[in-house]
Structure formats: C-alpha cells, structure tokens
Amino acid sequence: MVVPLVRVQAETFDPAAESRRITQGRTDIGAVVTFTGLCRSEGGSLAALELEHYPGMAEDELLRVAGEALSRWPLQGVTILHRFGRIAPGDDIVLVVTASAHRRAAFESADFLMDYLKTRAPFWKKEHPVCGEPGGWVAAKTADDQAAGRW
Amino acid sequence: MVVPLVRVQAETFDPAAESRRITQGRTDIGAVVTFTGLCRSEGGSLAALELEHYPGMAEDELLRVAGEALSRWPLQGVTILHRFGRIAPGDDIVLVVTASAHRRAAFESADFLMDYLKTRAPFWKKEHPVCGEPGGWVAAKTADDQAAGRW
Amino acid sequence: MKVLYFAWLRERIGKAEEEITFPPGTRTVGEAMAHLALLGEEYAYAFENPSIIRIALDRRHVPHDCPLGTARELAFFPPMTGG
Amino acid sequence: MKVLYFAWLRERIGKAEEEITFPPGTRTVGEAMAHLALLGEEYAYAFENPSIIRIALDRRHVPHDCPLGTARELAFFPPMTGG
C-alpha cells in the first residue's frame, strides 16, 4: 500500500530530499524519475509569476491525481509538491517524483502526473512583467488538454 | 550550443547537484527531468552488482547518445553519469538529467537517453548472489532493444 | 451557501468569497452561476462567457449541469494554469 | 592489433586483452573473430555463438562485415546490460 505525499506550499523544495524520502532503506526500487517545473523569465520580460490556488481543493486534487497514477502503474512512491505565491524566474514551481521497480512505469507515471495536474489542480498563474502594470493571467493551453487526453 | 556532460565513475553521484549545475544562473529553463537507475536486491537474493565497462568507449558512446538527444530535442542541458564497479542494492547506477524550456522535450529526451544508452553503452552487469558463487552475467533483454526501437 | 471566486473572476467581482442564498428553484451549479451574473455589472463582466468557467462543488470539479444538492461550498474559476 | 574482451568473453578466454597479428587476407572484423575462435579451446568456447557477439573497432560499434582497415583496437563483447 503506497501512500502518496502531496504538499502545497509557499516555500521552495528539495528534489533530492524528496527522492531520498522515497528510496531510503529500500532495495526494491529500480527507477526514480523527478520532474521539476521552473519559472522562466520569457526572455527577460517577466519579473515574477504569482500563483494563486484554491486551498483545500488544491491538496485534494493533487491527491486524486496521485491516486490515479497509483491505480495505473505499479509504483513504490509518488510525491507531488506545488508552490503558491510569488515565484521568481529560475525558481521551482512544481515537483513530481515517481519510483518503481522498472523505468517505464516511473517515466510514464511522472509524465501522466504533470499532464493531469495541469488540467485538474486549481492553480492559476498571473504574470508580473518587468515593465508596466501587473499583467495578465496566463491563459490555459489547448495543448495541455490534449496532452492530458493522451492518458 | 549545449555541451553535454558525461561521466563514467566508480563514485556515487548527487542528482540535485547535477540538476543545479544545469539550471544555476539561468531563467530560460522550464522543465528538468532526472532519471536515477538503482540496484535492486531482487527480493533479497542479490548481494551486489558488479559493473564492468569498456574505458574510453563507454564515455564516447554516452557522448554520442547525448549528442543524438541534442539533435532531436531543443534542450538546454544534458547530463549522463554511469557508475562502474561493485554496487550494492539501493545504490545508484545511472543518472540522466535533461533540461528544456518545455516539459515534453525534457521527458521524451530523458526516456530516449535511457533506452538508447541501455543498448549502446558498453557496460555489463554481473550478479553476486547472497548465497553461492559469484553468479551469472545479466542477459540483455529483448524488451530493451524494442524500447530503443521506439525512437 | 459559501461561494468562492478565483483568479480573474475574483478580480472582476472584487471579492474572494461571499455567502449567497440562491432563489428557490435554483437546481444546478450552472443555474447558480446564471443567478450570480445578474447581481451587478461586475458579476455580469465576470460571467460574460459562462461556457469557459470551471465550477467546483465542495472542492470537486463538476459539470455545469450538476445539481447543487446539499453542498456547502461552490467555487467558480477560470481554466487552471498550474504545473 | 590490440584485441580486447569484456564480460563473459573475457572470463572464458582468461584475459582482458592481447596483441594479435591476423593472417594476411583477414578482411572483416567477423573474419578476425573466426580466426580467434581457432586459437584454442577457451577461444572456441568464447566464440561458440558468433552471431550474438558485439564488435567495436576503434571504440565504435561495427557490424560483423565491417572491414578491419587500419584500425588499432578491436573489441569483442556480449550484448550490453548497462543503465
């Protein structure tokens, strides 16, 4: 019985510590995949992203998404961390860690988790440009819905 | 011009440090994928793996495989580290790190690198069982060839 | 019922949450949204394109024709852009 | 020419490398392997199933019909199992 770890937090995170938390003291894990999503500066035009979320529902949805991955792949660990608040270019936004006996399950489930959480987890990005007024809300991409539709 | 980092070493490695080496001081990377391959104990029956390699050619092939990924995906960083020598269950064997502006390229190229290096990089695993004589050489899997054939 | 707004819906309406008593006969979450759109200019602006609005009932995604039932928390927000 | 053996080929032959002068007329790496198989019991054992043996010439994978040319290093090994 694998219990997924899910956290929504303002603080930055440590991918290595999260991997270790899953693998430590075990010898049945053959593959660990980590995905880190970072804030890009968009060619220097972006001062920061502001991430709004729906407290309570955000954690619930990440848990549902993690549970869905556990039901589809034979995993020995799943972690999803998602930050909120002001995030500067170069900083982490989201971390997904999956662990399995075999590499295909680890890769596929991490890929799935990112696709799924993008279209299900209640987070919204607002762009703060270097010049001018705090700007627009990032528009959802059709490509993200299509990516989630692959699974 | 992205220069891949490739290392063949007896020592263990630090996935977080390798990620940071790629992302540090940059704001154009949106996605980092790390894959860590670990030694499994096979239900407690394995005392250690012994990894033999072809010095010189191993580094060359990893560089070729990394170069192939760079030619196929728009990457901002590629790292491949592969260990040799005696490796205990729970310890790392191989690390692949890919970084890109977008998550699809980072996921696909890391997946590709693992498939490709399995069938191209001159490494061989020998199993040392807990009981009995130092055992057999691990047989290559048809599944690995098929996986590499996907790309 | 507790009603929540997020992202540009929150900004357009000018508040993050409020208590709303929906008129008797309000059956679905979509009908609840149609009622909100009549509460003033800022609401009309927020809900000007109802088909793109996502709705959560007691913190679960639901389609617009989902019955309100006995839920306690209703949330409206734009398509999500996390990750 | 410097000849290298790895994994169970090395174990069967009992050495990791040696200098071999191939007979005149040895054109391909596959022909070089056929010559080695005649050098004794341990070589015959190592090369008993030639079709599964992988060959590298100057540290590059080559097919069995690849000409030896002026290469300096020839290596024989089983299918790889790294990663």
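Letters are used for the chains, namely A, B, C and D, taken in the order the chains are written, and counting of residues starts over at 1 for each.
By definition in this document, contacts are C-beta pairs under 8 Å (C-beta built on N, C-alpha and C of every residue); 3 or more make two chains touch, one makes a residue touch a chain.
Predicted model only: the values in this text are computed from it and were never measured.
Chains touching both chain B and chain C: A.
We define each chain's centre as the mean of its Cα atoms; on that basis chain C and chain D are separated by 72 Å.
Averaging C-alpha coordinates per chain places the centre of chain A 26 Å away from that of chain C.
Rounded to whole angstrom units, the spacing between the C-alpha centres of chain A and chain D is 48. Centre-to-centre spacing of chain A and chain B amounts to 23 Å, using the average Cα coordinate of each chain.
Chain B has residues 37, 114 in contact with two or more other chains. Chain pairs that touch one another: A-B, A-C, B-D. Against chain B, the residues of chain A that register as touching in their complex are 14-16, 19, 23, 25-41, 43-44, 89-90, 101, 103-104, 106-107, 110-111, 114, 147.
For chain B in complex with chain D, the touching residues are 37, 51-54, 56-58, 60-61, 82, 93-94, 114, 117-126, 137-140, 144.
Across the complex, chain D meets chain B through its residues 4, 6-8, 10, 56, 59-61, 75, 77-83.
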